[in-house]
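Each of the two complexes below includes subunit A, the first together with subunit B, the second together with subunit C.
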Partner chain A sequence: MPVVHICTVTPISMTVGANRIVPAVAIPHPLGNPALPPEEEKQVRRKILTTALEALSTEVELQTIFPVK
Partner chain B sequence: MNKLKVVHYINQFYAGIGGEDKADYMPELREGAIGPGTAFAAGYGEQAEITHTIVCGDSYFNEHTEEAVKTILAIIHLCKPDLFLAGPAFNAGRYGVACATICDAVRQVYDIPVLTGMYKENPGADMYKDMLLITATGGSAASMREAIAKMIPLSLKLARGDAIGASAEEGYLPNGVRVNFFEKERGSKRAVDMLLKKMAGKDFETEYPMPDYDRVPPNPAVIDLSKAKIALVTSGGIVPKGNPDHIESSSASKYGEYSIEGLRGLSADTHETAHGGYDPLYANQDANRVLPVDIMREFEAQGLIGKLHNTYYATVGNGTAVKSAKAYAAEFSQKLRADGVEAVILTST
Partner chain C sequence: MKLEIDNILINDIRLSDETKIEKGVLYVNPAELRAQLLEDPHIRDVAIDIARPGESVRIIPVKDVIEPRVKIEGPGGVFPGMVSKVTTVGSGITRVLKGAAVVTAGRVAGFQEGIIDMAGVGAAYTPFSQTCNLVLDFSPAEGLSAHEYERSLRMAGLKAAAALGEAGKDAEPDEVVVYESLDLMEGAKQFPDLPRVGYVLMLQSQGLLHDTYVYGVDMKQSLTTLLHPTEAMDGAIVSGNCVSACDKNTTYHHQNNPVIQDLFEAHGKTLNFAAMILTNENVYLADKERSSDWAAKLAEYLALDGLIITQEGFGNPDTDLVMNCRKIEATGIPTVLITNEYAGRDGTSQSLADADPAADAVISAGNANQLVTLPKMDKIIGSQAYVDRLAGGFADNVLADGSIVVELQAVTGSTNELGFGCLSAR
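This part shows the complex of A and B:
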């Protein structure tokens, strides 16, 4: 089964060998941003996870970072 | 000093019997040194003598391990050597496993010093390097001369009961046992020398190797997300409030398996982080920031994904040994597979 790694420090993810990687917001809140109002924060999370789903449904041959749009 | 008596184990290929077609060859005792044994004998000179060679096919050994070990142990009982050598096996998997297995058996049953040699990625090395000394060799028989040159002095030391130095000095695969010794140069000089070599693009040897991270080929993509069951996994330490399994805040010794059945999302009332390596404030306020259950439920309701798996797996990735993390994932991946999960979203802090 494919795995997508959502993490902030993507070079670590590359080093440890993840094949599908999606960059996150910050170390203590990878899928959120406490500086934003709750609805906007959820939108950030939605975007990251939408990218994660794209990564899971994309064939890769090499380690790939999928930037969040 | 008396000449040490050595018995040497090799496979059918190195005995000149044949390749894969002869891999079913049963254990056989020969007088004297054969194949690589002649190079060992030349190197030992007057110090040791290969009195016998045991030849066994790689397939036979691995498919009939119990019988093969029994037969070979009976031979050893008759020969009563001072030292037992096997290989070197380089990167030949079945040969490496056979060499390490028989060395371990001889060591355990007769308490005779044993030595084998193989490439660090040989599965035999992985299985036995903590139990046996295994000389580190190159990946192919092209490095035979070099391998034997390392195995001769180490095997003589073992046979004579001499003190064995660190892996870097003796050339065996690091087995996790620390050996103290004084370096000739002080640390600052060694560091600068290493840096100069690195800058000049020359080879240098680190004194603190980083863990070897393995690489796995990417798995095929999910064909239809709208039918797929997707699971959440995190190293960010998200646990039910109160941390019921007492997952440690660093160097976690376990992972947790928790139900999110019926939950529309996580909240400060239900979940928190056990992780001691980042500021827990944001995750404790809203654990969806680390384990995004709320949006995944939304995706599930919209039909973007087939189903969010109702169990999530979590550990604390803070100073946690790579070996432990690997073991946890190996275990819960089986559970995920058994539960029909087709893809995983892994979040890290």
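This part shows the complex of A and C:
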């Protein structure tokens, strides 16, 4: 079953052997950014999630980091 | 830049009606000090106590430890940007009350504060069982946020150390040590045949009460930068950390960084101590990438032949450590890392959260997960009520005979990653 690891410190994600990695925002708030206005933050959250869903449905040969666009 | 450290050896602290030094004894007027610290409205009360080496005393929870000092010649004052004006320090003469320390304690600001035992098993694990400690046990004002309280505790400790340090003005030093670092060109010419060795000091800067200040600047807001080693020795770096007690660098550690002292000792003999790089440990990946890029760039720019890197804390800073190592090694400069381990209570788990083949020279400062049983002490300064909640503590860790069981993590300075201690592992 494919798994996506959304993780701020992607080098650790690589070290522990995750195959599909999506970079998160920051360690205290991986899936959001409290410094942004709510509307903008929602966009950030949506982008991370859609990137993760795309990663989930992508075949990979090697450990791969999927940058959030 | 040339710094003279004048050590006044202190072998006892006593409360008195006057703050002064006489025959190696530091006398402290507690009423005067208390009044000064209570000027901060965030502090409701402070109890002043003394803990001496060998006494059956436990200080808990400990926030910071600070060495009392006074600047008697040259620019700047103690703790520039915090207590004194933000003038560059690291030259002139600084008097040190060697053997004395100010310890800030009291209700926890964060839940990651430590234990200092002055006697018994625990005393062997903390360097601050060997200092005469003036302990400030604080009670905060009502309704204070953790951040406000941390700031007040931090400033109170520094102010107290500065106030006690003043007594050094009228005392005669017992020993004098001089440290000098030359400018880049002169330094290179001084020992052209010796390898140019630098030092990367990583500072905890994760926010959420995990902060370090350099000339008053929160290090997470800084790019990787350069510092004269004597500036670091002269109070430019202070701790604002409420992180795991075993591997946080207290202000005292920064004032007495053994890596800097040993590099000065070896300077001109086996190596040329060429430069010191200061970097941070932030929580954004972009910051980690940028800061480690800069560490490698500065190392290359300074034409170094080798670097020692020290970490502070553990967990995600392991990645900062490994990134610094990997990127510096990629420029062709070899590195040696000093870190500690979280290898599980039996020592068999992976020691760091990150790893890389480039990290092939690592010095361990011990396993923070190791369990230790600390015997009951006759006297507690502060409160033992939080002992199960300190990092390294756990539920029901007070035994029937009054002893407590903790991981070394909870003991202040036990696995210090500057090597300010005796623990290691093979």
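Keep this in mind: the second predicted complex is superposed on the first by the 69 of 69 C-alpha atoms of A that agree within 3 Å, B and C clash if a C-alpha of one lies under 4 Å from a C-alpha of the other, contacts with A are read in each partner's own complex, and residues count from 1 in each chain.
Criterion: contacts are C-beta pairs under 8 Å (C-beta built on N, C-alpha and C of every residue); 3 or more make two chains touch, one makes a residue touch a chain.
A quick note: this is a predicted structure, and the numbers were derived from the prediction, not measured.
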item	value
First (subunit B), second (subunit C), both or neither touched by A:Val68	neither
First, second, both or neither for A:Arg45, with subunit B first and subunit C second	first
Partner chain(s) touched by A:Pro11 [first = subunit B, second = subunit C, both, neither]	second
Partner chain in contact with A:Glu59 - subunit B first, subunit C second, else both or neither	first
Contacts of A:Met1 with subunit B and subunit C, given as first, second, both or neither	first
First (subunit B), second (subunit C), both or neither touched by A:Ile27	both
Subunit A: partner with more touched residues, subunit B or subunit C	B
Contact residues of subunit A, present in both the subunit B and the subunit C interface	8, 15, 27-28
Subunit C residues touching subunit A - in the complex, by the definition given at the top	206-208, 283-285, 288, 316, 318-319, 322-323, 353-355
Interfacial residue positions of subunit B with respect to subunit A in the complex	213-223, 225, 230, 233, 236, 278-283, 285-286, 288-290, 292, 294-296, 298-299, 304-305, 322, 336-337, 341-349
Complex contact set, residues of subunit A against subunit B	1-8, 13, 15-20, 24, 27-32, 34, 41-42, 45-46, 48-49, 52-53, 56-63
Partner subunit C, residues of subunit A touching it in the complex	8-12, 15, 23, 25-28
